[in-house]
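Okay, so subunit A shows up in both of these, paired with subunit B first and subunit C after.
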Partner chain A sequence: MFEFLTSFSPAFILIAAGVLAGFIPSSSISSHLRKVLLVGAPALALVLINTIYFSQNESTYLGGSMSFANIELTTLRIDSLSIIWGYIFCVAGILNGIFALHEKCKITDTSALIYTGAGIGAVFAGDLITLFIFWEILALSSVFIVWRGGPKSYPAGMRYLAMHILSGVLLLAGLVIYGRATGSYAFNNIGIDAPGGWLILLAFGIKAGFPFLHNWMQDAYPRSSVTGTVILSVFTTKLAIYTLARGYAGTEILIYIGAVMTVFPVFFAVLENDLRKVLSYSLNNQLGYMVCGIGIGTQLALNGAAAHMVVHILYKSLLFMSMGAVLHRVGTIKASELGGLFRSMPYTAVFCIIGAAAISAVPFFSGFVAKSMILAAVFEGGYFVVFAMLLFASAGVLEHSGIKVPYFTFFAHDSGKRVKEAPWNMLAAMGITAFLCIYLAIPGPYGGMQYLYNLLPSEVAGAAKFNPYTASHVIFQMQLIMAAMFAFALLKRYGLYPAERRAQILDFDWTYRRLGLALVKWVSAIWTRLGAFATYKLKNFFSNIGRRMYQVFSPAGTFSQDAPSGIAAVMISGMLVAVLLVVYFL
Partner chain B sequence: MSDNNKPTLTPQEIVDRAEAHPAAVPFLWLGSKQTQRNFIYIPLAGMIIFSILGFLYPPKYPTLWESGLRYAAIGFFSYSFVVLMARPLFKLLSRPENYYGEDGEDSEDGEDDIEPVDGEGDNV
Partner chain C sequence: MDLLSLFPEWVLVHGPAAIVVLPLMFGALVALSPSEKLSWATTWIVTGLSGLMSLGLLLQVISHGPIGYAMGGWKPPLGIAYSVDALNAPILLLISVVAFICTIYALPSVVAEVGPKKRSTFYAVFLLSFAGLMGMVATADAFNVFVFLEISSISTYALVAMGSSRDRRALPSSFNYLIMGSIGATFFVIGIGFLYMQTGTLNMMDMARVLQDIGPGDRVVQLAFAFIVIGLGLKLAMFPLHTWLPTAYAYAPSFFTAFLAATATKAALYLLMRFTFTVFDPSWDFISTALMVIIAGLGTIGMLAASLQAIFQSDIRRVLAFSSVAQVGYILLGIGMATTLGLTAGYLHILNHAVMKGALFLAVGAFWYRFGITKVSDMRGLGKTMPWTMAGFTIAGLSLIGVPGTVGFVSKLALVQAAAENGWWWAIGVIVVSSVLAIVYVGRMIEQAYFQPVPKINDRYIKRNEAPLMMLIPLWTLALASVAFGINSHWPMSLAQGAAQVLNDGPILLIRETMPAIPAIPSTGGH
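So, the complex of A and B:
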């Protein structure tokens, strides 16, 4: 049995579990079975991945071969790069399942399982066609999670779907060009110089939230349900990071794209009042660090990107979970409506603060041991301006995720809202995630840092030698954090910190939600008028022809009128002359 | 009546304690205005201490200019710049909340087959 289960991608187990969950009736007892699947299927996948990878001696395991249109597909490739993504996706699937235990929603459970399976399947795809198939399943399954946010999420879901279908189309076009030119669909290093390379990069860039392609994230994620946002925050973007690391490591343009990604969301996050939207911008900012590391492409940078991906999934999930718990209890997540909730939800507050400390890279929290690898790689690569941008963005992260989210939710002024603490399952999921956020940052034989570093993709020696706990690193990181906190306290004390206000903040999506829509309406109106004008002109034209024909051929027309025989004779003679001339000259 | 019999809690504090989660009661002082006003001294002290230590332990990755305070300066000015840019950016980019005609109140509407368990969902 176990041998059979290890003969194909664990993704299929999750997808099958998702389909099965869809057929389980909605009764109370059956919903428990669905929850068993929701937590058990990712756990089983984790065991299978581990067993497959460590039961053989090769550094790369290839399996799950299939033939499709005379093309050999490899649906299961486990190597040093994909294994770390596989592990954390399974762990995130388990944590998401625990967080969603209170929710009796068949669609969310089904979509979450298929979505998780598609993410794992894409990570273990050995060829571009398998990647494309899981890429599309990922998009289609996740949009249902967006739509579970209620009627207000439908338009956002449609835009989300449009962007991801576009990403799929670009990937398909790119892989066809690439496959025909190279004769291989294997998913290895592609590079922008390869045929179709730019198309594939653009496809990955949409999912990774490149600048101007990022709005689907801030549009859809905050509109999903309490549990939906937590699930969505894990897979799509981190899969994109994996594909970039696999196909475009060392591509220099990614360094600058990543640097811009770290900086611009900081300004939007400080303006936003919706705290899940703040976290979505924060997600975009954190992806920038990873993209930057992939662009550097050295062993240290790639390890940094992978480590950052792992810790980021954990602390960003934790932050989304805590905000989800607040939304679940209070009914709003607007910063202007919250405050003082530590009185009612002390455990959630502690977990949120741990997430905030982790994302702010406070020593002995997980962000510290990962982000520093990317910063070190950028500095060693001689990209000093990019290094300065990343440092600036670090202060920005502290603003929106480190201070703004916990402060305006749990402290600040007392909103007077007195609610229950989060349900036990939410607390359990947050507790485990918070534990991992600390454990993975603890050095030494009893800490988890060694396990994290040993999982990193590039030569392990490079990662193992990296020590984030040097005196200078700890001191200067603490300098940055303390100074930023002091700036916050100072600005707050002197009333220079802007009050949270309800508003719609315009971002690049204005170009298609307003400008593009207005353009389409204008073109449509012009088209309608042109159509009406053309119809009027054509009608006139045919009407004139008809009238003229009538004037000539009708019983009252010219040809029916009596005419003197002399005129007829002249006309016939003229025609005879014309015929003779034609015959003579031709 | 001796001083020992005087109530040590104000009526407001008694109400606050009654309303708070038991685990939060020992930490209710975090919500006081005095605590929030004096919070500034913690990061100030931290910044001074780590700035002094910064002169003793030179950084492995120095910034573009040389000074033991460099990371503190980056943290302070970067943070201040981001926050101070918020007002002009808000004026430039903010629109009414229903600008796109889609946004409404936060809610978990749509989760129509969610059944609260153990009386969840009720605000105390």
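So, the complex of A and C:
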């Protein structure tokens, strides 16, 4: 039995479990069975991945070969790069399952299992066609999770689907060009110089949230359901990071794309009121670090990207879970309507603060051990402008994810809301995740940092022996944190005071900041209006095209009118003449 | 176990003629039959037998090469020759199997759609139409092709007109088809006439041999080619010549529409390939230009224009009919590439499209049978009221879009690969755009069925009313086939590769090897 299970990709087990969950009736007893599947299937997959990989001695395990349209597919490739993604995806699947235990929604459970399976399958895909198939399953299964967020999520889901289908089409086009040119569909380093390389990079870029391709993320994630956002935040983008690491490691343009990615969401996140949207922006910003690390492509940088991916999944899930718990109990997640919740949801508050500390890279929290690796790699590579951008972005992350999110939710002015603490299963999921967030950052023989570092893909000397806990690293990071907290306090203070009092203090720095903020606000307002205007114009444009097309192609249109037989006969003769012309003279 | 050994020897020897003569003969007998059940059963058995014989012929061709047959013992090139090779054997099997499957469906459907006195005649004419298609494909004689083309066409006009018991618009559409079809057939026979004038023979292989001597510079040969392409282009609904098709498909009886959509244009496509590649020579300049400009060019224009038209249709059957025109465009694109990969892809799509479009039209017939639904907007809630029928429709619809795991994906992927090999990037663009359009027109129907509420009558929801089993079985057979061959595409792919091999070898090989191989009827034969 066990041998049988190890003979193909564990992704299929998860997808099968998802389909099975779809057939389990939604009565309360059998929904327990579904929950067992939801938690058990990723756990089984975790065990299987481990067994498959360590039951043999090769550093790369290839298996699950299939033949499809005369092309040999390798559906299961476990090597030092993919296994770390496989592990963390399974762990995230289990945690999401626990977090969703209270929920009685067949569609979410089914889609979540299929979605998880597709993510794992894509990570273990040994060739581009397998990758493409799981890529599409991933998009299709996740959109149902978006749609569970209520009526407002439907248009967002459609936009989300459109972007991901576009990504799939680009990938397909790219892989066909690439496969034809190189004669192989194997998924290894592609590079932008390869035929079709740009198309594939663009396909990956959409999923990874490259600047200007990122909007689906902030659009769809905040509109999904309480559990949905937590599930969504794990797989799609991190799969994209994996595919970039596999196909485009060391591509220089990624360094700059990554740097821009880290910086631009900061402004939006600071302005945003919807806290899950703030987190979506910060998710985008965190992906920027990983993309940057992949772009540098040294062993240290790739290890940093992989480590950052692992810890990022954990603390971002934790933050989304805590915001989900708040939404579940309070019913809103608008910063302006929350506040003072630490009284009624103390455990959630503590977990949220742990997540915030982790994302802010406070020493002895998981963000620290990964982010310093990427920063060190950037510095070693001599990209000082990029380094400065990443530093700025780190401060920004601290500002909006590290301080703004917990502060406005649990402290700030008391909103007067008194609610129950989150359900036990949510607390359990958050608790485990919070534990991991701390444990993975503890050095020494009893800490978890060694396990994290041992898993990293490149086992070169520098990576395994990388020590984040040097005095300079810690002091540097603490300075950054202090500066950001100070800045927040300062801004908060001016936010509290009426404008006229502020005007009495003549401080150049203050004017500058106010002007800067006003400028940002003005740009944002103009941007919104421009957006609305463009949308309006585009809508007009498309409806015009639609009307014209209707006039031509509809049953009542010119094109479809039943031509009398006489005219048809004349047209046939015309065609004959056309063919004759071609045959005679071309 | 060797399947081939199960077939008696006379099937393999006389099969090429028997698959045509049998339905032709029983067509006449069925017309006299007093009971419609008897007619139906006869039709079913005859199509079934033809299917079995076609299978035997296909297996024989795969293992032993082409089979020739001299009609009545008259040796070609004087007598009429029949020839079954890797190019037409799969088409024969396709036509007869689709006919067999659709006939199961016919029993309930014909009762509902055709007037009681016309039913026996209906089956008789159907058998004639079936015989005509089989004859067109099986014969190796150019004039004989015309004869069977007319047999199948005229019976098709009659069958389309029989849809008038259900919808009077069947009559003008049948008339329209009659006029255009006759023009097409006339063009075709004029082309054959020119060829006869130049070569002095009607046997295709002999013709090809003489044409090789005449060479590509001859104006009359070029004229003949133009006439034949236009004549066949009408029959196979090449883009601007397709205007007969949507109305004919929309108003013919459902069962016949499914058969027609799955097979009729396919037989004409086969003839186009047979003439272009094995009678004429694709290496000739004017042929290769015409393939690229006319066949591939019109194919791509058709893919876009017909798909756009399908999007705006309100009648389900017309949506599917326009989609057929678009799908013919895919096939023409593959043929127009004239490379091994392109021809394989085009041929594969002939087989695959027949399976999925057949299933779709069968499902539409079932919608009409239960609820009288013909409009897309009336499909509201069909996912609940006819779940099994709608599920079959959805599978075939997804295949039409080209979702991975279905036959539609296999042939589109093959086509994209072929285009990439040729460097025809614009063609890949057109395929992608046209697939997106297919998502729209199929998605529109699926959305209505699954995401719109079940309609109410007198404030009560319409109850579930599934199609009868005799409709569901054929529908699901085709739907499952479209998934099975989509997941394991080895068999259809090998058939398509065999056919592309024949086309690639061009005319020379046929003369050298097939001609002497045609056996006369053995002297001890059973006659």
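Operating definition for what follows: the second predicted complex is superposed on the first by the 492 of 586 C-alpha atoms of A that agree within 3 Å, B and C clash if a C-alpha of one lies under 4 Å from a C-alpha of the other, contacts with A are read in each partner's own complex, and residues count from 1 in each chain.
We adopt the following convention: a residue touches a chain if its C-beta (ideal position, glycine included) is under 8 Å from a C-beta of that chain, and two chains touch if they have at least 3 such contacts.
Predicted, not measured: the structure shown is a model, and the values here were computed from it.
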| task | Return first, second, both or neither, reflecting whether A:47 touches subunit B, subunit C, both chains, or no partner chain. | result | neither
| query | Touch check for A:202: first (subunit B), second (subunit C), both, or neither? | reply | neither
| remark: Larger residue footprint on subunit A, choosing between subunit B and subunit C, goes to B
| message | One more residue to check, A:16. First (subunit B), second (subunit C), both or neither? | response | neither
| task | Examine A:576 and indicate which partner it touches, taking first as subunit B and second as subunit C; both and neither are also allowed. | result | second
| task | Return first, second, both or neither, reflecting whether A:24 touches subunit B, subunit C, both chains, or no partner chain. | result | neither
| field | Parts of subunit B lying in touch with subunit A, wherever the complex brings them together | value | 16, 19-21, 23-24, 27-28, 30-31, 36-37, 39-40, 42-44, 46-47, 50-51, 53-54, 57-61, 63-64, 69-80, 82-87, 89-90, 93-100, 102-111, 113-115, 117-118, 120-124
| Once bound in the complex, which stretches of subunit A touch subunit B? | 26, 28, 102-106, 108, 147-153, 155-156, 225-226, 266-267, 270-271, 274, 327-334, 340, 342-347, 375-376, 379, 384, 387-388, 391-392, 394-396, 398-399, 411, 414, 417-421, 423, 470-473, 475-491, 493, 496-498, 501-507, 513-514
| said: Which stretch or stretches of subunit C touch subunit A in the complex? | reply: 172, 175-176, 179-180, 183-184, 187, 219, 222-223, 225-227, 229-230, 233-234, 240-241, 243-244, 246-247, 286, 289-290, 293-294, 305, 308-309, 311-315, 318, 404, 410, 413-414, 416-417, 420-421, 428, 432, 489-490, 493
| field | Footprint of subunit C on subunit A - complex, ascending | value | 67-70, 132-133, 136, 169, 172-173, 176-177, 180, 549-550, 552-555, 557, 559-560, 562-563, 565, 568-569, 571-572, 575-576, 578-580, 582-584, 586
